[in-house]
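Questions regarding the structure given below will be posed in turn.
Chain IDs A, B, C, D, E and F follow the sequence of writing; residue 1 opens each chain.
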């Protein structure tokens, strides 16, 4: 079994790249891989808890929490979060906040990196 | 003097269309026009107070507040905000939350509409 | 017919309504990355945007300088404007706006 | 040379690195709006993406059906895959990924 | 003011960006806008799909089943249900190889009487000229 | 693991999206990543600008003066200052009519020794082949 790191930079609602990333993470973990996720740029929108699960909008909080409870590491970019007004107390349980160097360090040991850089 | 309504749908950090919109609103008000602003989609990111003014990120909260204090009406899409986890208590002072019909109604009396629909 | 101001805020365009739209009076206002249409000559040629027949072209000065370009780089077809000028174009010169 | 998986998530493409990149083994994985490359024939022609020489093409089934398309619409050059299959492509078949 | 006509123009494909969906939900909101308006005023929207935007109107979208998100199809049908005109550019359908049989033509399953109208760009141009405001998404 | 090479590829113009800036700030973060790594491990990034991404390297950007936001130019110079290689694709510059005199060639004003390198796409291809991971922005 291997280790897969996903770097995601897309907004919660919009390109659906976050939806893609969580479903890919789910499939990876189902196959026994370790999955790490770095959320930066507009993807730090995941770092605000209490998102209402309306059917008209992408909603990934539930799946993310489920995957974190099964061992997925999720870390969000601290500066990107603060610039958007998301503070420590906004973070969903289990999620970490760190500087970008956390992500850079992950690239060393991970077997594969899928970096989704755009919106 | 006329009335100008801006509808904006772009994220706080990214396309800089929000930066454009606030500077255009400022210029419009300087010329004596009434300016209204509707923020929907990812532009509801303006509805989260306490954004840190880092130099590496767009920061529009200060200018927005200044313009609101001079009479600009700013209303954000309530559902778009809740889907992103922004609640009533997150709203910066002076900003209103409403359904999309608020914006539709504004198009009736406004002289000009600049609708910035994309990211 | 109508008086239409079209805002272009991107450099690469994937939609083609712009080519098909007609107006008695058309203003093309280049803002954001749309300013590249005023200053970049890809393979030595003007941007196809500038060949829109009968249109008046404007470029936002602030968005030019933000990107490292100046008046000296701007195509002679295009008039350099300020935020205040854009307000006047919207409020006085055109009836409808299309940010495409 | 390398084993490279390229992810395309958009229909209109404005970058041109894809055409220039070479790999000993290349997989092109169509996800999101990239699935249109597998099903839409603009002006009766296959998407230029599918002419990338020597590449293996994959399309994500879930993203096809989300958009109203089915296996019956998919170009015969392209293999339909699941999320699990994409995991296997990443972990077993390719060394490096480029989401362009 | 009386009735003010608005043209919602969707020019991008669905799902890659939120705006086609927001075009539909904003157009539908015209139904309830009267609470903010004077007596006798109203907004009358038309929604048109042009360019790659016609891809929004492809039928049998499974977004709810796959991603748990309302499909663009469902919103288009909601428009038809409230008699909000939905127009699709024929030339762009032809260019992308889409036939009427591939498209959402009605919302009879929801009890809607109005049907999707397949029009030429010239018809859309005329509508652009006649409305008060344009809203490009 | 030792030193792991990363290639940051910027293919979009500046300001319309956050990602060129994020490419630069993430690459710069390699400097402090050792706190999360085992002794002897390190990440060694190169940042390359290709396609329309070369527009990020046009000099004299006034983003701070106009919008109060750090310019992409300033981030590029920060890379040079910490000896992080900055490469720009020559063929794409030629296509867009940009000459070296239009570009950020150094950060001497900040005391940097490293200079921007103008390379062919073939050089970039070689680098793609040699690094462990690719990060396209």
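Here, a contact is a pair of C-beta atoms (placed from the backbone, for glycine too) under 8 Å apart; a residue touches a chain by one contact, two chains touch by 3 or more.
Computed from a predicted structure; not experimentally measured.
Fewest steps needed to get from chain C to chain D, stepping only to touching chains, is 1. Looking at chain C and chain F, the chains that touch each of them are B, D. In terms of their C-alpha centroids, the spacing between chain B and chain C amounts to 24 Å. Averaging C-alpha coordinates per chain places the centre of chain B 33 Å away from that of chain F.
The mean-CA centres of chain D and chain F are about 28 angstrom from one another, to the nearest whole unit.
Counting partners per residue, chain A has 13-16, 23, 41-42, 56-57, 59, 113, 115, 117-119 as the residues that reach two or more other chains. Taken residue by residue, chain F touches two or more other chains at 12, 15-18, 25, 52, 67, 132-134, 136, whereas all remaining positions touch fewer.
Each of the following residues of chain D touches two or more other chains: 9, 11-12, 14, 32, 62-63, 96-97, 99.
Interfaces, counted as pairs of touching chains, are A-B, A-D, A-E, A-F, B-C, B-E, B-F, C-D, C-E, C-F, D-E, D-F. By the touch criterion given at the top, residues 7, 9, 31-32, 62-63, 82-84, 86-88, 90-91, 95-97, 99 of chain D touch chain A in their complex. Of all residues in chain D, those touching chain C in their complex are 11-12, 14. Chain D contributes residues 1-2, 4, 14-17, 20-22, 96-100 to its touches with chain F in the complex. Within the complex formed with chain D, the chain F residues making contact are 9, 11-12, 50-53, 121, 125, 128-129, 131-134, 136. Those residues of chain B lying in contact with chain C across their complex are 2, 4, 15-17, 20, 23-24, 26-28, 30-31, 33, 111-118.
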